[in-house]
Amino acid sequence: MSDAVTSSATDDPRPLRAPTRTPEFEARLRQRYKAEKRFKYAGLGAIIFSVVVLLFLLATMTINGIGGFQRAELEVPIDFTQAGLAANPAAMEGNGAQLALEQQGLPDVVEYFAQEALGAEGADKLGSQAWREVADAIADDPGILNRSETFWLPTTDDFAQALEGDGSPELQALATQLSDAGQLDKNFDSGFLARADATDPQEVGIWGALKGSILTMIVTLLLAFPIGVLAALYLEEFAPKNRWTDVIEVSINNLAAVPSIIFGLLGLAVFLTIFPNYRSAPLIGGLTLALMTMPVIVIAGRNAIKAVPPSIRDGALAIGASPMQVVFHHVLPLALPGILTGTIIGMARALGETAPLLLIGMRAFIATPPEGFTSPATVLPVQIFLWSDEIDRGFVERTSAAIIVLLLFLLAMNAIAIYLRNRFEKSW
Amino acid sequence: MSPAILFLLALGLGLAGWLAARARAYGMRAASDTGRLASLPQYHGWYVALWVAVPIVAFAVLWSIIAPQIVLNSVLAHPAADALPEFGFKRTQILSEARAVATGAAQGVFDPMARPLIEPFRGAIERTNIIGLVVALLLGFAGGAFAFLRVKPDFRARTKVERSMLVLLLLASLVAILTTLGILVSLVFETIRFFGMVDPVSFLFGTHWAPDPMASADNPDVTRYGAIPLFWGTIFIGAIIAMIVAIPLGLMSAIYLTQYAPPQVRTWVKPALEVLAGVPTVVYGYFAALTIAPAIRDMAMSVGISNASSESALAAGLVMGVMIIPFVSSMADDSIAAVPGAMRDGSLAMGATKSETIKRVLVPAALPGIVAGVMLAISRAIGETMIVVMAASTAANLTGNPLESMTTVTVQIVALLTGEGSFDHPATLAAFALGFVLFLVTLALNFVALRVVKKYREAYE
Amino acid sequence: MVTQTSQFEDDSAAPSGPPKMEAQGVSVFYGDKKAIDDVSIDIPTDYVTAFIGPSGCGKSTFLRSLNRMNDTIPTARVEGTIKLDGDDIYDPKLDVVQLRARVGMVFQKPNPFPKSIYENIAYGPKIHGLASSKDALDEVVERSLKRAGLWEEVKDRLDDSGTALSGGQQQRLCIARAIAVDPEVILMDEPCSALDPIATARIEELIHDLRGRYAIVIVTHSMQQAARVSQRTAFFHLGKMVEFGPTSEIFTNPKKERTKDYITGRYG
Amino acid sequence: ACGSEGGGDTRNSIRAVGSSTVYPFAKAVSEAFARSNPDFGSPIIESTGTGGGIQLFCSGIGPSTPDMANASRRMKASEFETCQANGVTEIIELQVGLDGIAFASAQGGIDMNLTPEIVYRALAARPYGEEQTAKNWSDVDPSLPNKPILVYGPPSTSGTRDALKELVLEVGCEANPEMEAVKEADEDRYDQICTEVRSDGAYVDQGEQDNLIVQKITGNSDAVGVFGYSYLEENADRVQGLPMNGVDPTYENISNFEYPGARPLYVYVKKAHLDAIPGLKQYLAQWTTMWSKGGPLADIGLVASPEDTMARNQTAATQYTTIDGSELN
Amino acid sequence: MVTQTSQFEDDSAAPSGPPKMEAQGVSVFYGDKKAIDDVSIDIPTDYVTAFIGPSGCGKSTFLRSLNRMNDTIPTARVEGTIKLDGDDIYDPKLDVVQLRARVGMVFQKPNPFPKSIYENIAYGPKIHGLASSKDALDEVVERSLKRAGLWEEVKDRLDDSGTALSGGQQQRLCIARAIAVDPEVILMDEPCSALDPIATARIEELIHDLRGRYAIVIVTHSMQQAARVSQRTAFFHLGKMVEFGPTSEIFTNPKKERTKDYITGRYG
């Protein structure tokens, strides 16, 4: 306490020496600046921590996942002219090709040529479903039955691991030998984006889950978007201020914060009771997620609508537009970018949602991509969850690859949302 | 008659009505001397279209409920139905199989007794379809004619159309209430059934959790349904460990971003944090289970803690905390931003440094909002499922050691419901009771927090 | 110390014909709070009427009750009668949409729609079905812009956004927009308070030109402006209308003490 | 399921529930089936544990009940009766192969020669009716390592647990002659003493996730896991099987039943569903093409049944012969 | 038409002593936009200086550059020199915290901290460490409140929240808060524009009392207020300082045409 202040307590007209100009003050000031710096670095540290965690997570997933887009394959030349397979064009039509070729003994043919090329040991390491890829090739072009052709076919999972330097020494030795001979290699697995789930990590694909996600999202969007927008318009523009609208408002705000698993319980207890046979179907999944997404859209929508300046409404009303015309001619078009941003964010959340879908059965093993909204399906995040539970090390890479696919989708959606927000964010 | 066909009919006839009425209104406008109608022609079009389509759609909904009954009655009157068993589940089953085959929905029947009923079903369905179609057409035309005749120059079609639009908007906003009710209904009934089997006291206060889905449902062992270990695990992971990570980091991030970061940094870091919030929880779960949990276990082992679990509460809690950081930071960001700039200016003008202003004015002023944000974050953490499902365990331990495994309410809900347990076993119903508790707790947290946030925003508006 | 330089026009003559609008015993409430207390006033057809008074005295509130814009505020409630050409505008049978087409309004802050200039003007005629063809609509747009004195400035860029204009142009656009539906009365709530002096002068000129074709009511916080543009002035204070009469009289020879104090800058 | 009488529900894809042990095989079969027969929907297989699966399976016929139940033990007579009571009268039974419950630890981890008696005394809630006091293996038998007892195993819903009870615990329990008397006198008490597993943390129930158990024991070299042999084979490079009565859990020892934990695996099918569910017959046929020795299922750890059993089941799968309850117990 | 009734004090005497603050060729930019253009002015120690001018002319901008509050606006940039007691306040070596403790500020809208009345006043002394004991702090609080003429009204409820006071009391609280750190200059930016006439009168009275102890600069939009409280007036227009001189002269005998037009209500 400087005397300056005390002395001025006697209320003389002006302080002799301002208390804020003393050396003590300046000493204190240096301390204060140190504290300032510490505080600032603490904040910077917090940010850096978050960003580093994010980068670490992304890096882990990417490093693990890049391998997931590849698989170990063996080179198998097949001379079909010796195989004696009949390319009955009728049987090759449509979906029957696999079955027809299987009955004609294609698996044995593949096995035979594999033994020719790789020896019995090596042929044994060919994946048990590898012949199906040959079958697909034949179905695509029956002409190859008249010539010989070289295929790269997936190995068994163990053998793939052995190529990575894992597993029993004998296997590893064989792998080294074949790979030195150029008969074993890791290749980009384009089928990963085209196949569905499988038991063997060498055979799995992400398309089944991706398609399931897309179908589910379509249902979600078709339900949540119109209902959300209309509800937001009602609440923001028309609702009288009374107990009823309070109830609506409170329930929307709460729904937006209810744990997602509760929506799963709702789906299980209500939707699956009403439609017991659509268990695992994108229809039910979409319905459940729509209820979850709708409040998000309503809240985003209301904020966007609120941001439209009242002067626009006044202007339209004052030339005789009806409230409904004001809303649909002026407010909605102006609020749309904001609503869309909110919708995309809500949809992104729904796309990443797992727990509620587990409860309504979208966790089943389904080996073919879903055909429509009512056929059983799984979705990307659930697929990730299921694969993460598999013990096979092959699945570790595949899981990370699936995560990459999911994250790419989400990043794209977020980027669109951020772009929309920056592009159309208006301050009136 | 599939409702889809009736809907298409409604659409088609509605369009016709729309065109006709609009043309008529244009005609009237041309004929009138002012050149003005009370409403624009297109509103007359909509008016008539609604009068055509709404009755048909309403009828379609009604018909889809009563038509099966009509079909059923006529099938039951058929002699082939005499062989049916008396009332009961079996009878229902047979009838529905026969119907499924008759409509082409199924290829064959499960029960041979259903086979003779297929033909009667076909016939009856065909008849009712024709009736439905005729009635729908009549309704559509009647409504259309009524509305069409009202198209007059001074008829205020717009008011009517807008009123029906308003009804539509109102209905949309009621969906939220229906959803809330749906949640309540689906939780409450099963919970009540559960409490019929296991008394609430042993559920809420018991300390041993080991439901046995295989045990007989008639006389469940209530001592295995003590949920305290779950509640504790939930609180320990979600409200304690996760918050120890999320609150300081989130708050400091928000402070740095809003108060210190140059705009350049903010434009990049903010979206990055949003990405952190947008990463699906299953990815975090995988990250926790694959990377963090083993790391923590190894670390604990290396300092000589031998009983560290590879599903420690710590791993789940830490990752959950990281997931919540952006959530806390954006809530804190909002609250601090809601403090009027005048407060900050006032403090700076007194000669306070930035950090003094933040610590002594901004944060205290934003405290209600921050606390509410933390409550929301907690409610989110305790409702979070996938991280704990993947990184925590199903072992219900009542312990304070973060290196041991624990389980949470959400993990148990998933565990109990992902099998296909039957809905009359207490182990299945327990999931609903847990869900109900979770719902109530998060509801209370959210409700209070939203109230606080709102009050607090209003205070500064 | 302040010298008044503007000249009053001759405004002593009584207005010709019956009043366009009549307010009788009008009170306006926001919830329980009375913002306007028992105001009666006749709005003449040929003259510009100005409302002046200190901030918060209820000028805007009263103005907005003249075309029922107060309906948009849930808590607002109007008592008393307001007539337009003898018909009560608060009659439940009256269509408020039609009323607002007849009684246009221009606001303090220019509020063009964020659409093209053309669309801004054409919007009113479109929703009211005033133009049966594209040509007719073009004509309405051109006529309205011409009357608002904006045509020359914008005729080559009708497709530009209305919000891209300068403040003064925006305000004239809003006036043109109001004119486009052929209103009988135009209400203006401090139309120049957001504008610079040059734009203000143009608007004042425009009001001058429009006078006679439309009954005009203008709220202004600038006494000088009221003196320049109006022939009748009403002085509001604390929700009451204190004095109403020819503008020159109110400014040079106010009858009430309160008016005089306001004019001389004692408060406000 | 459906409220109104005669509503037209239906289902187009096969649904199977049940054993987590059979699950990987059922999945592989379903996958092969789905890819060979793209016209049929992909079968939906859920792993609910044998008991839970059979319970669902027996709840009736019709689209809302599963078509098949996978089981890691034979259906019990009591379950068969439930089936009958609910209208599931005609059941096709296929023994698809063999499996053994394997005791295993991490490669290089704890190693012991187990016997049913040791396991019983280590894991029973009340061994021979007395207080469970064993904390370490050496408390059970001084020759065993002085390491804490920590066993990760299947939950009570699973067939593996049943097998553990039946093939190991009860055998170990009956090593004590007094138990015979108890069995005579009080069946319930016998069950309690001989089959109840301790719940003080030494035995950790890991849900229906055998994979997780593998993960657990690889992470903790002192832990022992209990799971199906297929998982042992699958993870041979990281876990080691523990011998029981001196016999290692190997393919040979299981297929000739020398290993005490060997047991057959089953699939049950509702005959009434064969016509109604498209593809169900083909799916059954698919099993028969894959279960042979050296076939695709053997690749993932199934031990093929003896020749004669296989032939018998081949017939059942093509002729749709049903079981009668008398042979079950 | 407008009659000026307030009396000017005698303000013709030149201020005693050197100016407290001197601005020389000060320009302020917001990004590329120049808001203040080459202003030079001396702020005397003993007098109250008023800044007047139409809205947006840069009064607040200039005022805020006097205690570097403009630093808080990232786009703002100041050119020229401003000196306090002869030291350049924009000198990088000068500490802005200390500067602001010496040059206090009161804002247009009262902005008490959402803390108790006591804490509001004690805030400055606490952060600057000006009071060594609780008693000393109590004393500072009491003295500041007394000087701000608020002590009698609040002495029994020092623990109530500062935001619970009326608008006028809040503004006096803010003045007391500024006084508590014993500043040398007090800047006030339209301190009464959010207050009712009675509260305004009290603040004006307070300014009168404080004069002499602190150099005071006040921005006001009310010419009457400037006339009532200040001895020196600067008239700003479009970012330039048009005229500066004794208040009575500016109001009765402005030298510049623009000043005269403004005073007589031609624009603004």
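Should a chain be cited, it is by its letter among A, B, C, D and E, assigned in written order, with residues numbered from 1 in that chain.
One rule holds for everything that comes next: a residue touches a chain if its C-beta (ideal position, glycine included) is under 8 Å from a C-beta of that chain, and two chains touch if they have at least 3 such contacts.
Which protein is which chain? UniProt says A = Phosphate transport system permease protein PstA; B = Phosphate transport system permease protein; C, E = Phosphate import ATP-binding protein PstB.
Please read these numbers as outputs of a predicted model, since none were measured by experiment.
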Inset, instruction - Supply the minimal count of touching-chain steps required to go from chain B to chain E. - result: 1
Inset, instruction - Please give the intersection of the contact partners of chain D with those of chain E. - result: A, B
Inset, instruction - Give me the ID of the chain with the smallest distance between its Cα centroid and the all-protein Cα centroid. - result: B
Legend entry - Label of the chain whose CA centroid is most distant from the centroid of chain B: E
Inset, instruction - Return the chain whose centre of C-alpha atoms lies at maximal distance from the corresponding centre of chain C. - result: D
Legend entry - Cα-superposition angle relating the copies chain E and chain C, to nearest 5°: 175
Inset, instruction - Looking across all chain pairs, point out the one with the most C-beta pairs in contact. - result: A-B
Legend entry - Length of the line joining the C-alpha centres of chain A and chain D, rounded to whole Å: 35
Inset, instruction - Would you kindly tell me how far, in whole Å, the mean C-alpha position of chain E lies from that of chain A? - result: 58
Inset, instruction - For chain C and chain D, let me know how many angstrom lie between their CA-based centres, rounded off. - result: 87
Inset, instruction - Averaged over CA atoms, how far is the centre of chain B from the centre of chain C? Could you give it in whole Å? - result: 50
Legend entry - For chain D, residues that touch 2 or more chains besides their own: 2, 9-11, 46, 63, 215
Inset, instruction - Name the residues of chain E that each touch 2 or more other chains. - result: 97-98, 101-102, 127-128, 181
Inset, instruction - Could you tell me which residues belong to chain B and also touch two or more other chains? - result: 351, 353, 356
Inset, instruction - Could you please specify the touching residues of chain B with respect to chain E in the complex? - result: 263, 340, 342-353, 356, 360-361, 364-365
Legend entry - Touch list for chain D against partner chain B, complex: 2, 4-11, 17, 46, 48-49, 51-53, 55-56, 59-63, 66, 87, 156-157, 199, 201, 204-208, 215-216, 219-220, 270, 272-273, 275-276, 278
Inset, instruction - Please give the residue numbers of chain C that touch chain A in the complex, ascending. - result: 67, 69, 72, 74, 97-101, 104-107, 109, 111-114, 123-124, 127-128, 174, 177-178, 180-181
Inset, instruction - Would you pull the chain C residues touching chain B in the complex into a rising list? - result: 95, 127-130, 132
Inset, instruction - Quick one: which bits of chain A touch chain D in the complex? Just the residue numbers, please. - result: 95, 98-99, 102, 128-129, 132, 156, 166-168, 196-199, 203, 276-277, 280, 361, 364-368, 371, 375-376, 389-392
